[in-house]
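Below you'll find a set of structures to go through.
The following pair of complexes shares a single chain, chain A, combined with chain B in the former and chain C in the latter.
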Partner chain A sequence: MPVIKFKFNKYKLLELFAPVAGFIASIIVLLIIVIAVGESPGKSLVAIYKFSLSSSAKVATILSMSIPLFFAGIAVAFAFQSGVFNIGVEGQYYFGGLVGAMAGIYLHLPAFIHIPVVVLFSMLGGALWALIPAILKVTKNVHEVITTIMFNSIALAFVNYLVNGPLSGLGKGKSLEPQTAKIQSTALFGKLNGAFRFLGWNVPDYVYLDYSLIVAIIIGFLVWFVLFRMRYGFEIRAVGTSLDVSKYAGIKVKRVQLAAFILSGALGGLIGLQEIFAIRGYYTYSIASGLGFDGIAIALIGKNSPLGVVFAAVLFAFLKQAGYGLQFYTAVPNSVIYVITGLMILFIVVINEVVAAYIRALRKKEAV
Partner chain B sequence: MSETLLSMRKITKRFPGVLANDEISFDLFKGEIHALVGENGAGKTTLMKILYGLYSPDSGEIYIKGKRITIKNPKEAINGGIGMVHQHFMLVPPFTVLENIIIGEETKKFGLLDESLPAEKIKALMEKNGLIVDLNSRVEDVPVGLQQRVEILKILYRGAEILVFDEPTAVLTPQEVEDLFKTFRQLISQGKGIVFISHKLDEVLEIADRITVIRKGRVIKTLNRDEATKSLIAELMVGKPVLLEVSRPDVKEGPAVLEVKYLSLQDYRKVNILTDVSFTVHAGEIYGIAGVEGNGQTELVEVIAEAAPILHGDILLNGESITNWDVRQRREAGISHIPEDRHRYGLLLPFSLAENLTLGMHHKEPFVNRFQIINKNKIREHAKAVIEKFDIRTPSELTTALALSGGNQQKVIVARELSTEPKLLLAAQPTRGVDIGATEFIHNQLMIAKKEGRAVLLVSADLDEVMSLSDRIGVMFKGRIIKEFEREKTTKEEIGFYMMGEKEHAGN
Partner chain C sequence: MNFGLILFFLVKGLEISAPIAFAALGAVFSERSGVVNIALEGIMIVTSFTIVWASLALNSIWMGLFFAVIAGMLIALIHAVVSVTFKVDQIVSGVAINILAFGLARFLSQKVFGQETQTPTNPHLFPQLLGINSMAFVLIPIAIIAWFVLYRTVFGLRLRTVGENPEAGDTLGLNVLGLRYAGVIISGAMCGFSAATLFPSQWISGMTAGRGYIALAAMIFGRWDPIGAILASLLFGYADTFRIMFETKIPIPSQFVQMFPYILAVVVLAGMVGKARAPAADGKPYEKGED
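And then the complex of A and B:
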């Protein structure tokens, strides 16, 4: 049936077209803003290019930056798939990172065990931080947006206290920023740069392409497999599509949402891997903030699919780099750069939604 | 015959991809009831929406009393003497009957609302047409049959001469239908014209002077009453001969499958929805529940299909109490459920047909292996077999449910629920919103289920359906089964009386 095949392709093409169109539109908006603040558009584009695609080092930097963003996106997307709006990835990441770091500091294990163990402990910590909001949601119907936002604040204050107090690794009188003791060398993530160079990709030493990239690839595959090849994933997606239909079909809706929520927290616990175990080698409350929230936008742009999240995370990393480029080479004020990145995200999301609605309408018409 | 009230000439309306109306011509004489019949999607509603100014036609002309007019919006339609009683009433429930009738046409005196003048006018209308309603009661306190009277009064108050009724009998009891038809006759005797849209061919034959059949956007034929028969109309509607009477297999009743004992249920306000409901459905038996909608039927089916906190009572399946079981346990024990609100409960629209056809069994082998990994091939094979067996029209089993037509979506649900080979089938309003062809299909499937020795609980607001399919019939009124009949030993009228609760205390 060639006709049907053609239609199928038409939708696929449209779906692919959406993010591209969003991206192009957002670039146009960027140029308009740049002109409005009195900077030359050509100079700005060059600045962006210099900081993003001009060399293999810059491309590798974008890949490196996209690793934590990927974890953030996949954590939010996993919960989204079941209809749970986990805004608390930020807090789950702070707490998960701390628990992982504790395992890295206080457990004594050979490296080939220690590294998987710190990964698992990070997930455990993230899951624990999601546990209470998850239980409150399914048993008492307390909306997760409220509880997880609260838990973000609690997490920040809690790790701040722990790092300054009981878990502080600094001797008295040291003037460094508050931090834990050093993570043992057996738990530190090595770099893959050498391997990439061996494969012919010239990644300089200062770029962090470390073991967390391997974890990301494994996690990405596992999430895809669970969501699309296992019964649990089917039930998660069913619940996210319609609570009523799922209940009617005998799916234990609360149990599914509880599990998805906690697993989402576990995925969120992985966001800090790179910064804690590869870059710093200790834990501090001032690890990069806001990643959990970036995850929401990344999940949205990636349409909650693992592959989509990969692309969205890379796009996000690109936008961040583009922002640095503008900061560095042009007179565009810093605050305007934040506005631009925000607008670009907005454009991509909106155009995505418009195209999705258009496709829905097309399909409906053909169904008549 | 007499003067032509309305004439629609060669009306064409095209929606992207669909020719909804293809040069449809339709006219209405003074003092005539003209029925408009056709399957869902045939174009009746589009035509009437054009008449009422909700759509504008791509081409074609409309004449009222010989004068060509264009109708751009409902206001112009009303001014042209066109009135429409919609299937879903357009009333404001907390307003009084009077307020609902004059809404939008209020008379003012010194800038204040004046209700005395319209009240006089409405009272005259009520007497003239035998449509008596208390003007001061709130619409929400008035039964459905009377709400319809309010709708009719509303359009008469606006001076309508061409009255369009869209499926007016769908919500009425047989007695209320009789009253409505009396009103129809009264109205045409005053020289008004009525367009009557209905799925119920018996009613069409009873009341209509002429019958126009539409199929796929075209007028197939306009028949006079004396040349029309039920099977002829059905054949013209569908385009092929239709079996209207369900052949009832002779099945020996088996043991009790479903036993409901003194079941009571309250809503969150502690108001009783079900009170001491008791009945039994046997293997090979169809037990029909008749009743005006909203008397507890929906909740009864729900409480059998899924766990709900009941007040007291017991539900037994094959002698075992299932009252405290969850949905999955009940499904695994052999309960299938064609839900009443299929848009809400029936399908995961963005999912493929194959996935939808295994929903509810998706967690069992062979659809997953023992590691809970989905076996896509088995799901597709199962889907292909079901699509074939139940004649679901779809390009492939991988098409999303969203892309199917409404009738085929219904079929998917029926097919899925029967493909589990259930012991008990709960069929709630199984043919609501379904056209003749699909209705025939679903009725046959219910009969096959009966023949295969399954127990069927049928709930339907369509009394004809309950009467023609069921072996025994329970009548529900205000959350009770107030009377139970053997099908052969009762009449439609008798059941109708019980449906209105008029024999509430006489029975038993």
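And then the complex of A and C:
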């Protein structure tokens, strides 16, 4: 039935329109802001280019930055697929990172086991932190948006306490930043830079393209497989599309959402891998914050699909670098990037709705 | 017992509760009209910047309040346009606005004051009453007005109708979208009052510290009712006041004391199963039937 196939593609193409148009619209707004601030748009674009794509080192930096962003995005997206709004990824990676770091500090294992173990413990920690909001959602119908936000604040205070108190790795009288003991060398993530250089991509030593990139690729593939090739993934997507229809179809909606929520937390636990195991080699509560919220934006822009999240994470890393470029070379502050990000999401979702209405109208016409 | 201390605790608690209570009160109007407003946090960030900015620029805290209310309404308007007119998921819209607002306040602070994370201090303040910001007492008349408007006026009845059953409202000739705009914009305006009671002396990035979300929790715990929302806000506010005043005297680590209001919020929400019901059409965009 080639005709139906053709129609299907036309709609697919229309659906791609929103992210592209939203991106372009927000870049136009950025340029308007640049002009309003009294900077030249040309100079600003050059500044963005210099900080993002001007050399292989800059491109590698963007790839490196997109690794934690990818985990953040895929964590939020996975929950989203089942209709769960997990705003608690922030707290989940604070706690997940700590649990992973504990496994890296206190377990004694050979490297080829130790590294997978710290990855699994990070996931376990993230899952644990999602557990209570998940249970409250399915058993008591407490909205996860509120509970997960509360759990973010609780996580921050809790890891702050642990790192300052029982898990502190600092000797007495040292005036360093509070942190845990050092992670054992067997659990540290090595870099892949050498391998990339061997393949002809000149990645300098200061850029972190570490084992977390491999974890990201494996996770991305697994999530895709679960969502689109497994019965459970089908159930997740059915529940996310329509709760009522899923119930009628006999899907155990609550169980599906509970599992998706907890797995989302497990994915969120991976966000800290790069910073804790590759960059720092210890855990501190001041690991990069706000990534959980970036994850929401990334999931929305990537339309909750694993591949979409990959693109959105790279786009986000690019935007962050663009912000630094603007800050460095022009009078436009870095914070403009948050404004642009917020606007981009709004543009994309609004255009999405308009396109969806248009598609509905088209389908109706065809049905007549 | 030290009565001076108790009196101070009571009054100080009102001051600390007020920003949450104003926002929660606003949230009641938004949600009763059928729109979940998680953008409260972002709106509060912008209003708390605007009040300092306008006060410094116009040498008057009252002008500051005026513009903070206007700014709150404008940001809320974005939420209304996106989620009411374009029917985008209300939580998605709110999250996007929170990201935008976070950047906007920092951007403006950098451009206006040359510092990204804080403004200079604002010498123009509201008069003090019983040792606290007198604006906190304004909560009481506003709460009464809010209750009256919601339950004793035609506008309030219509607002509640479109939140419960927009189809019926539409059939009766009510302007569903217009009423929802009103609900959302009222919540934005109330965030202007939140800013007036939060810390009008200075804007510091991050100073709202999740109060917008706490306000939302308070509104739910208060069962979508103005008085309930305020009582719930007072619960959070006094819990926080207790922490601030006695943190150093309590023999448990301060981080656990800091967690207390958040744990309280979770426990409180978990404990109210079946007792509360959101407006029936809360969170659902209204689609006019086409056929």
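Keep this in mind: the second predicted complex is superposed on the first by the 334 of 368 C-alpha atoms of A that agree within 3 Å, B and C clash if a C-alpha of one lies under 4 Å from a C-alpha of the other, contacts with A are read in each partner's own complex, and residues count from 1 in each chain.
The definition used in the following text is that contacts are C-beta pairs under 8 Å (C-beta built on N, C-alpha and C of every residue); 3 or more make two chains touch, one makes a residue touch a chain.
Since the structure is predicted, the reported quantities are computational estimates derived from the model, not experimental observations.
A.B. asks: Looking at A:L199, would you say it contacts chain B, chain C, both, or neither? Reply first, second, both or neither.
C.D. replies: After superposing on A, A:L199 lies clear of both chain B and chain C.
A.B. asks: One more residue to check, A:G250. First (chain B), second (chain C), both or neither?
C.D. replies: First partner only, chain B.
A.B. asks: Which touches a greater number of chain A residues, chain B or chain C?
C.D. replies: C
A.B. asks: Is A:L343 touching anything from chain B or chain C once the two structures are fitted on A? First, second, both or neither.
C.D. replies: second
A.B. asks: Once the structures are superposed on A, label A:L13 by its partner contacts, choosing first (chain B), second (chain C), both or neither.
C.D. replies: neither
A.B. asks: Tell me the contact category for A:I154 with respect to chain B and chain C: first, second, both or neither.
C.D. replies: So A:I154 only meets chain C here.
A.B. asks: Touch check for A:R231: first (chain B), second (chain C), both, or neither?
C.D. replies: Only chain B is touched by A:R231; chain C is not.
A.B. asks: Thinking of the overlay built on chain A, is A:S242 touched by chain B (first), by chain C (second), by both, or by neither?
C.D. replies: In the superposed model, A:S242 contacts chain B only, not chain C.
A.B. asks: For the complex, give me every residue of chain C touching chain A.
C.D. replies: The touching residues are 38, 78, 82, 86-89, 91-93, 95-104, 106-107, 110-111, 116, 210, 213, 216-217, 220, 253, 255-256, 258-259, 262-263, 265-266, 269-270, 273.
A.B. asks: Show me the residue ranges of chain B that touch chain A in the complex, using the header's touch definition.
C.D. replies: Spelled out, the residues of chain B in touch with chain A are 15-18, 41, 305-306, 326-328, 330-332, 337, 339, 344-351, 355, 359-360, 362-363, 368, 372-374, 395-396, 400, 402-405.
A.B. asks: Give every residue of chain A touching chain B within the complex, in rising order.
C.D. replies: So the residues of chain A touching chain B come out as 1, 4, 229-232, 234-235, 237-238, 241-242, 244-245, 247-252, 360, 363-368.
A.B. asks: Contact residues on chain A for chain C in the complex?
C.D. replies: 37, 85, 87, 132, 136, 140-143, 145-147, 149-154, 157-158, 160-161, 164-165, 293, 296-297, 300, 333-343, 345-346, 349-350, 352-354
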